[in-house]
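Look at the two complexes coming up: chain A is in both, with chain B in one and chain C in the other.
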Partner chain A sequence: MAKTEIRVGGLGGQGVILCASIIGKCASIYEGKHATLIQAFGPEARGSACSAQVTVSEDEIGYPYVKNPDILVLMSQDAYTQFIPQLKPGGLVLYEEELVSIDGKLPKGAKAVGIPATRFAEELGRRLVLNIVMVGFFAGATNLVSWESVEKAVKSSVPKGTEDLNLKALKKGYDYGKEQAGN
Partner chain B sequence: MQADPKGVLTGIHFMDGDHAACEGALAAGCRFVAGYPITPSTEIVERFAARIPTVGGVFIQMEDELAASIAIQGGAWGGKKVMSVSSGPGISLMMEHLGYAFITETPSVWVNVQRGGPSTGLPTQPAQADMMQAKWGSHGDFEVIALAPNSPQECFDLMITAFNLTETWRVPVMFMMDEVVGHMTERVEIPPPEKIEVVDRKWTTKKPGEYKPFETTPEDPVPFMTKAGDGHRIHVTGLTHDERGYPAMTVPAQDKLVKRLVYKIRDNADKIVDVREDGVEGADVIVVSYGITSRVAMAAVEQARAKGIKVGHLRMVICWPFPAKRIKELAKKVKAFVVPEINLGQMVLEVERHVAGVAKVLHVGHAGGTVHEPDVILEKIMEAVR
Partner chain C sequence: MGLNTLPRTITLHDGRNLELRLLEVADCLGLVEFYRTLPEQDRQVLKDDVTTKEWADRFLRKVATKEVLCLVAMDGDKVVGEGSLYRSMYGWTKHVGEIRLTTARSHRRQGLGLAMASTLVKLATDLGIEKIIVSMVENQLGTRHTFEKLGFQKEAVLPRHVKDISGIKRDLIIMANDVSQIWAAMEAMVQDYSPHQGE
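Entry: the complex of A and B
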C-alpha cells in the first residue's frame, strides 16, 4: 500500500471532522505513516454539508487534496450524491445504512458495506458517538490501521470522562466492520 | 539559550498549521500578541489567547489591524517577544506600522496566512500572491526577512527560526503561510525545551547615560536594545534619527541610517538564506518553489524523473532575502528554471532578474483558490527540456 485516499462526508454535528481526524492521527502518530487531513473550510454549520479529506501514505505526501478517493465514509445522502462520482474503480464505500441508500451504480469493481451506526450509538446511550462507531467500522472493514492504534487515537481525542463510552462505540463498529467485510 | 519550558508543549501531536505556528511562537518565547482575527489566520490567535494565561503573557484583541500592528511594537519596547497575525486585507492595513518596525528596528514577527486577493478576495482559499507585498508593501527603503513553511511541522520549526532571526537582526520578519498550510492537519513533533535553541534579545549592558539606543559599529550593524523601565532614557521615533534616537532630518543622517537598515541584511544575506536542494547537480531543469507549492512541485518532479528527465528541485525556505548567489551559480549549469507559485508572477521576477538571460525561466502561474495540479507543473518541465 503506497497511498490511500479517503473522503469522509456527512452533516455538520455528526462529528465528520473528528472521525477523519482520528483516522489521520491514528495513521500518523500510532502507525508511523504519513497522514494529511484537509477539512472542508467554509460557512458550514450544524445540519449542513460537511466533509474532510485524509491521505495516508508510506511516503511523504506532496499534493494535499483527495480528488479520487479509494475509500468513502458516508454519513448522509447528500455526501453520497456528491462524492460517489469521485470514487476510484475498485474503491470501497463505508456508509451509515439508515442515512444513506446506495441508489445508483458504483464505479467498476467498487464495493459498498453498510452499518446502522446511528442506531448502534443510540443503543449505547448517546447518539453523539455515531462518528466513533464509524471510526471503528472503518478500522475493522479496511484493516488500514490496527485495533491497538485506533484505540489509542480515540482515547487521546475524546473528552476526559467519555473514554469508556467512546471505546465501546469503537469496538461495536470495529467488530461489525470485521464481520461485514469478512476480515 | 534554551526555550522557556512554560511555553513548550512537548510531545507528538496531530495538529493544523495555524495551531502549530502558535505553538512555535510560544516555544520561541513570544509572550505578547495583539491581533484582529481574520480568516484563515484566526486559529493562531484563538489558540494563543487560550494558551497564554497558563504560560504567562498577554493577548489583546485590538479594534483593528492598525492598532494591533503598533501595539506589538509597544510590547517589544516593553521587553517582550511579540507577534501579530493576519491575512491579506489585514496585512495591507498593517503596512504603515510595518515600516515603523523597520525604522525603529523593533523585533517582531508578522504572520500572513495568505488567501486569494486582491481585497477581500477568497477568504477561505489559498494564494501566494503577497510575496512582493512582504518585500515592497511598506514605503521607503528596507530589507525584510520572509519565511515560507510548507507543513504544520514547519509552521512550528520555522516560527522559532523567525523569532530567532528577528531578535538577531532587529528587523521585522514576515511569516508567509497560506490557507492550505494553515488549515492542513499533520503530525507535529514538539521537542523538549532543552532541545529548542532560542535567541535572546540583544540587551545592552551599558549604564544609563552611556547607552545610545541606535549606536552601532562597522563590525556589528545591529544596535543593542533596552526596554522601558530599565532606567535608560530612550527616544523611539519613526522619523529619521541619530544614534540617540532623536530626530535628525538631514541628508547625512538619512544616508547613514537607511543604508545601515538595508545593508545589515544585504551584506549578511548568505547567513540568512535557506534553500533545500534535491538533485540540482547535473540537472537540466530546476524547479524553484516555496511554501505549499513546494509540496505539489515535489510530486511533479518525481513524475518527471520517472520519465527520465534530469530535474532538480530548489525550495526556498526563506524567500527574502532571495538566494541570488545560488540561482546565479545554477543558471550557468542548467537549461531552464521552472517557477510554480500561486500568483500570476512574483518570485519568478526575482529568478529572472538573477538568471539574467543565461537560462530560460518558465513561470507556472495560478490565480489562487487552490493549489496547482502536479500535471501542470510537469507539462512545464517537459516544455523546458525541449
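Entry: the complex of A and C
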C-alpha cells in the first residue's frame, strides 16, 4: 500500500494534536500498520495555530514529515489558507464547515467534504468533543481505518468517565462521513 | 447514557433481565410496597419512613419539581430497586447531587446496584452536576465497593453518627466524586500545547 500522508490543522484548544494522535494510534496499534506523528503548536495555550502531521503506511516509514498531504483535516480558516497549497492533486479535504470556507484554491481533482462538527459537538452537550467528531468523520469518509479500530483507539485515549460522550461524538462524525463521502 | 437511553434493559449476572426506567406516578404504590418488603434492618439506614403513602406523596412532589430524579428497576411489574439523585435547585450547593440507592435483597450481588449507580452518575453529569456524594454506614462494604468502582472516594467520616437496629452506634461514611474533574482531564488533553501530548 502506498503511504498516506495526513495533515491536521486548527487552533490550539480544538484538540488538533489529540485528533491526529488517535488517527495514528488507530492505524498503528489497532490495525498493525506503521504510523508517525509530528506536532507543531504555538506558544499560547489557546487560539494559536496548531497542526500535526500523520503518516500511515503498510511499510516502515523512513521520513515522518508531511510535505504534500493526501488528506487535510482542517478546523480553522488559517489552517486552510496555510495548508491548501500543499495538498496533492486529487487529494481530500475534510473540513469543519462552520469554521472553514472553501474557495477556488483546491488543487486539480481534489475533493472537499465538510461537517458541522462544532455544532454536532455542542448538540451532544460538550464543544470539547469537536476533535472526536472530526476523528469519526475522518474514519467514515476515508475508510483508511475501520470503525472497530477507531472505536478502540478513542476508548483508550480519552479520560475515564468521558468514554460514552466521546464515543457518541465519534459515531456522529463517522456516520456523517460515510453519508457525505458515499462510502 | 442520558435520559434518552431510558427505559433500557439490563441483564444481571444470573441472567435475569430487568428494566431500568424513570419513576412514573403509577409506580407509587409499587414503590411503597418495595420498601415495605425490605427487612427492617435495611430500612433502618434510610433517611425517611418510606413505607407510608404520605412519604410517597411527598417524594412524588419532589420528583415533579425535579428536585429528585428517580430511577426504578423493574422485574416484570415489581419494583426491585430504587435509586435517586437529590439536588438543591438553589444556593451554594446547587452543583452537588446526592445519590440514594436501595435494592431488593433478592437482586443484590448481581450487578444491579452498579448499573443503577452508574446510570445516576451519568444522568447527574448530563444535568451539569459537578460533585456527587453518597452516604453509607461503615459496614455497608458492598455499597462502598460499588461506588469506589465509579470513582468515588471517602471524603468524610462522622464517627458514631448512626445507630443500627441493635442500638450499636456506627460511623457514617460520606463518599464523593468530583465529576467536574473528569472533563477537566479531557480539557487538558485538547489544549494542544503540552510537549507530552501525543506520546
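Basically, the second predicted complex is superposed on the first by the 179 of 183 C-alpha atoms of A that agree within 3 Å, B and C clash if a C-alpha of one lies under 4 Å from a C-alpha of the other, contacts with A are read in each partner's own complex, and residues count from 1 in each chain.
Criterion: contacts are C-beta pairs under 8 Å (C-beta built on N, C-alpha and C of every residue); 3 or more make two chains touch, one makes a residue touch a chain.
Since the structure is predicted, the reported quantities are computational estimates derived from the model, not experimental observations.
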Inquiry  = I'd like to know which partner A:Cys50 touches here: chain B for first, chain C for second, both or neither.
reply    = second
Task = Figure out whether A:Ser21 sits in contact with chain B (first) or chain C (second), or with both, or with neither.
result = both
Ask   = Which partner does A:Gly182 reach: the first (chain B), the second (chain C), both, or neither?
value = neither
Message = Which partner chains sit in contact with A:Pro64 here, chain B, chain C, both or neither? Use first/second/both/neither.
response = first
Contacts of A:Leu37 with chain B and chain C, given as first, second, both or neither = both
Task = Would you check which partner chain A:Pro85 touches, where first means chain B only, second means chain C only, and both and neither mean what they say?
result = neither
Comparing the two partners chain B and chain C, which touches a greater set of residues in chain A = C
Ask   = Between chain B (first) and chain C (second), which does A:Ile29 come into contact with in this model arrangement: first, second, both, or neither?
value = first
Message = Under the stated touch criterion, which partner chain does A:Gly104 make contact with: chain B (first), chain C (second), both, or neither?
response = neither
Inquiry  = Residues of chain A that sit at the chain B interface in one complex and at the chain C interface in the other, please.
reply    = 21, 24, 37, 39, 41-42
Query = What does chain C use to touch chain A in their complex?
reply = 1, 122, 125-126, 151, 179, 182-183, 185-187, 189-193, 197-198
Contact set on chain A toward chain C in their complex = 10-18, 20-21, 24, 37, 39, 41-46, 50, 52, 125-126, 128-129, 131, 158-162, 164, 166
Ask   = In the complex of these two chains, what residues of chain B are touching chain A?
value = 12-14, 40, 124, 179-180, 183-187, 292, 295-299, 302, 370-371, 373-374
Chain B-touching residues of chain A, taken from the complex the two chains share = 21, 24-25, 28-29, 34-39, 41-42, 60-65
